[in-house]
Amino acid sequence: MEKIKRIGVLTGGGDCPGLNAVIRAVTKAAINEYGLEVLGFQDGFKGLVTNNYVNLNLKSVSGIGHTGGTILGSSNRDDPFRFLTMVDGKQTYTDQSDRAIENLRNLDIDALIVIGGDGSLHIAQKFYNKGVNVVAVPKTIDNDLGATDVTFGFNTAVDTASEAIDRLHTTAESHHRVMILEVMGRYAGWISLHAGISGGADVILIPEIPYRLECVIQKIQQRYEQDKKFSIIVIAEGAVEKGGEMVIQRMDHTSHDPIRLGGIGNKLAQDIENASNIETRVTVLGHLQRGGSPIPYDRIISSRYGVAAVHAVMAGKFGSMVSLTGSNIITVPILEAIKELRKVDPEGEMVGTARALGMSFGDCL
Amino acid sequence: MEKIKRIGVLTGGGDCPGLNAVIRAVTKAAINEYGLEVLGFQDGFKGLVTNNYVNLNLKSVSGIGHTGGTILGSSNRDDPFRFLTMVDGKQTYTDQSDRAIENLRNLDIDALIVIGGDGSLHIAQKFYNKGVNVVAVPKTIDNDLGATDVTFGFNTAVDTASEAIDRLHTTAESHHRVMILEVMGRYAGWISLHAGISGGADVILIPEIPYRLECVIQKIQQRYEQDKKFSIIVIAEGAVEKGGEMVIQRMDHTSHDPIRLGGIGNKLAQDIENASNIETRVTVLGHLQRGGSPIPYDRIISSRYGVAAVHAVMAGKFGSMVSLTGSNIITVPILEAIKELRKVDPEGEMVGTARALGMSFGDCL
Amino acid sequence: MEKIKRIGVLTGGGDCPGLNAVIRAVTKAAINEYGLEVLGFQDGFKGLVTNNYVNLNLKSVSGIGHTGGTILGSSNRDDPFRFLTMVDGKQTYTDQSDRAIENLRNLDIDALIVIGGDGSLHIAQKFYNKGVNVVAVPKTIDNDLGATDVTFGFNTAVDTASEAIDRLHTTAESHHRVMILEVMGRYAGWISLHAGISGGADVILIPEIPYRLECVIQKIQQRYEQDKKFSIIVIAEGAVEKGGEMVIQRMDHTSHDPIRLGGIGNKLAQDIENASNIETRVTVLGHLQRGGSPIPYDRIISSRYGVAAVHAVMAGKFGSMVSLTGSNIITVPILEAIKELRKVDPEGEMVGTARALGMSFGDCL
Amino acid sequence: MEKIKRIGVLTGGGDCPGLNAVIRAVTKAAINEYGLEVLGFQDGFKGLVTNNYVNLNLKSVSGIGHTGGTILGSSNRDDPFRFLTMVDGKQTYTDQSDRAIENLRNLDIDALIVIGGDGSLHIAQKFYNKGVNVVAVPKTIDNDLGATDVTFGFNTAVDTASEAIDRLHTTAESHHRVMILEVMGRYAGWISLHAGISGGADVILIPEIPYRLECVIQKIQQRYEQDKKFSIIVIAEGAVEKGGEMVIQRMDHTSHDPIRLGGIGNKLAQDIENASNIETRVTVLGHLQRGGSPIPYDRIISSRYGVAAVHAVMAGKFGSMVSLTGSNIITVPILEAIKELRKVDPEGEMVGTARALGMSFGDCL
């Protein structure tokens, strides 16, 4: 293999606190440790196809470590292997991965660091399969990626959700209400579980443990009888009623119908009010979980990931992803990370901790 | 007039950061300065009718100054003059104000301190008209009460909303989106205006200045042309399109129809996406604005109000409300406070400041 | 008078949260409202003498509204009327004000906006006396400037101090200690008073009310007898023992003696331990009060001040300072602001509020 | 072994955010999972000797999970094996461990959960050696205990220190200063290292890597030449100059000499000013690091530890400590935890990450 002289970096998928800290660490490590050049592709994989990039140097990453967002921009939807292209005057999806690879070649980029979640990592793996020297950094606020103990951004999202529970708590108590907080987590309930334990929720609902309405109401009423005339429920957006289907909040702003929103949190509120006559309010935390300054935990893990990714590049560990395992940063195959989502173990110690604290998962256990 | 020996206190209406700080200040001032006894009625005016109260002493208010909510509980809807009563097996509204007054008399309560907003103050005034020795403390996170420069709770709500804008900012910028934050303010846009200036919003929409969709989109596009491919809009829940009607978010959980939510923020998002093809996201801040620990500003103003209310009681200034005017705490007639809502002056200095900073009010000025 | 086309702006004195928000507001208002050019002098008045400046435009002030510090730099000590100059190979103080004025003239600067506290405002007034078109913006975290209800930065400092009290509180209580927090305020006790009320301090010591050690200890012991085996004392750096002298913390790092630090907070701790045998700990908050992101209250007031200063320039109100009076921004003569320091009134309502809450000022009242 | 019916719990040593969350988790798990009775000894091991305790039930631990401090009180110095006792009218140290054990026996306490750091764990081990059924929970904000990846409280302390760096940063930059932040860590530099990476310090000084003054100054000057006229130094209280000795801040308030304070941070400031003429300021973070509400990470780990400690008691794993290893809570012998302090590895990945980011450890590497 030839010597690495120039690397590229991009951020893919949804916003996540810590992206800039990774970009900064990649750039600084590449320059300080190995004297590399660093190009940053803009708006995720889209910039790879359109050859849209900026040079990153020590100055351009100075002072961004504690900021939210990504200075490179991102895109949730642009996949070079299925890229929205204008063909014969019509928009259609075409494979533009070869064009992307050609851009990399023309720019003399020896390796590409992809910072992304499940979707971006699938694309990264495909590029690796086609011969690109890829190293990945695991990003998702949901913390549901395999092969790593933690992704950056997750603990900041938990922080935001936990603070929201603190805020709702006082109103719930003062006004004798059930307060529902809907948090992110379509397939895994990590944010709901962590924020629930941290914030002292009474009911924690997660996709991994289908809930029964009667069990939720039973918990609320038990508390009522103990003179606690309020309850806090934290629910993952992907939580499901036993026997029911996922009710994801619709974002169809383009509909001409009256706007119909409301995910599982709203459904549950309606169900509780119908069944119990207890005033119930819903807060959907939404994008607030993705933004803002990363907490120190995430700034540190992002910095370690970024530096480790550069080391992995120099060690020729392509097709791999940096990973936190225990206290150590190691590398694992990207394939292992995207093999299956990391879910909450319904029989595990964390769920057991919540149950021991008296929290219900809506399953009458 | 007889000497004051025992006073009552209650908190009415929606939750508001600082309620406990007022209760604490009232209780401490009453005991420390004048050796009074203090009874706290529970769940707002409801406790007055049902004779539900607790004794408040130095110990019971210790350590609550920085907590959200109210240790006395509150109720948004119970009005003694129109109280939901069971008559002949049917629920009906009856006037229970005499019963409330009798309770006050039986408890030897010489004066009543009412901590509340517009609704509670109307009730307080009616009790005063019937001879009760009432002093009021102005509470509303909307800051739309007359006759006082500021109500407690408002600056905490602005803090929460401003922090939300900070969080949305980074995602908007990274993902080239329009981000809409819907905040409280049904009739007055104070939270929207203050949070907008503080957070650096690009568009601020308030009830006092009806907006035109084309002006909002014009602002977004001007920014786009200046290579700022994102915009932050903060909108009061009571903002209206010029010529349109108020679109308040429906909370009708008991409907059997599919849940239809979505207030003016959602409407605006839909309208922008329809008209401009720019990805737009909405966050409804909702109850997060009402809860949580009051910021120091509100803890201080709450303490000052609480102490001043006790002084006003001892000075026999019944029918009055404590008020911040400039740097001074004075008393004003309750009637003056509820005469009309304090609204944002569309020609005033604050709106002018926002305009000078380049912010748009959606009116193409 | 000629038409104003180009203005200068500078920030003088110690750091203060909100400086950047003022610079941003000045620049945006000048450009958006009046099409002016704006030059920013660097490192306070020093840049005026050395002709060191940058052009400020909309881009250079974008995104700085919520940041601490000042993009223009500042200097605590450089006074053009007494400027450290090299004369005949020796450093000596000379009057360089004419050179500064000549620089302003050569740059075609029609008016100068000075953002500063007592020291900077004295200099500003001298320049005004020599014919410079000066408008001032009041800055000091101590809030002790006359002729305005509030300076920007003050409420952020109170926030920091109040949060520190919250942190010390739990340790004090768990470990049965007296915890002393020394805050800024050499001549006026505003930070100490506000943070003390907000944080629920037991003793508040300020320069305006000389304390007696026996009264402080009496308060601690009263609490001890009420089974509150801890006390929180907040003390302004300029507080004095009755009959004693000011004990300002020495910062003389260049001394060859063993480093001797410790201001009034350390003295008081020693005195309490000597007299009472109760374990006492001191925290000197120091520079933490000057830095960090301004809270929304300060971002807003800074924005209003900045815009108002530009309006004042255009209205030809030279020699004046913008001021918050009640809810309104007005202009007052700089002379009025620097006539005398605004101090806490020992008989005033704020001190009375603290006393009513059971707080002691160390004077056995 | 007999069935466990009643357990004791105590908190030893310095304050640490998360103590209450552990107490709450222990109590709730003991009652909810196993129907045990729980006694809380007051003021650490002192309460064991003086037989001072309270009953803990679900109500007494309700709502304390997010609070700082410990509802049980603590004591830094009371060791039953060397207990300050009045003997023949004189204070002397005697072994009161048998008395403590007799108290446990008289109270029918079957097992004791000790929440503490190195000192408390040594005592716990001695009690275990004398036959007491002890289980330990690792507590220290310094994170220097062996046999666990993390202690609770540490990440909150890092958060506080990191925020302090953020605050100092803006002032340093605006005023062209060197700002030194002295943080805790007498023997291990974990807080300094984590906060330094998180806050973007320029120099990180820790006990594990003796620094040389010339290397610190070299870094400051390198930055100066790159037009960064400020530097941030974070220094652990136990950091040492190469060839020098530890300079711990003296707290000798009882001295009759002028108060002499100033630890290594002050020494370094003096040395830098003497050697370089660059204005340098010190902030000693002190007790602010020990107090306040635990961040969500610590609330969660505290909850897990507390529940796991109860499980360990019921499994008869006496003489053991709960420990986080990777993502799992396990038990390890207390002996292993106190065998040696866990220190920063000067050649490890974390230090390497900081170096790659361009941070200096004052060793000219």
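Think of it as A, B, C and D in the order they're written, each chain with its own count starting at 1.
Following the convention adopted for this analysis, a contact is a pair of C-beta atoms (placed from the backbone, for glycine too) under 8 Å apart; a residue touches a chain by one contact, two chains touch by 3 or more.
These are the chains along with the protein names UniProt gives them: A, B, C, D = ATP-dependent 6-phosphofructokinase.
Please read these numbers as outputs of a predicted model, since none were measured by experiment.
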| What are the chains that chain B and chain C both touch? | none
| note | Relative to chain D, largest Cα-centroid distance belongs to chain B
| CA centre of chain C versus CA centre of chain D: separation in Å? | 34
| request: Just give me the whole-number Å value for how far the CA centre of chain B lies from that of chain D. | output: 42
| message | How many angstrom lie between the centres of chain A and chain D, each centre taken as the mean Cα position? | response | 32
| note | chain C residues touching 2+ other chains are 166
| task | Pull out all the chain pairs that touch, please. | result | A-B, A-D, B-C, C-D
| message | Per the contact definition, I'd like the list of chain B residues that touch chain A in the complex. | response | 11, 14-15, 19, 43, 67-70, 73-76, 160, 163-164, 166-171, 173-176, 179, 251, 253-255, 258-262, 266-267, 269-270, 273-274, 280-281, 283-284, 286-288, 290-292
| task | Using the touch definition up top, name the residues of chain C that touch chain B in the complex. | result | 24-25, 28-29, 32-33, 58, 63, 65-66, 149, 155, 158-159, 162, 166, 194-195, 197-200, 295-297, 299-300, 303-304, 307-308, 310, 325-329, 349-350, 352-353, 355-358
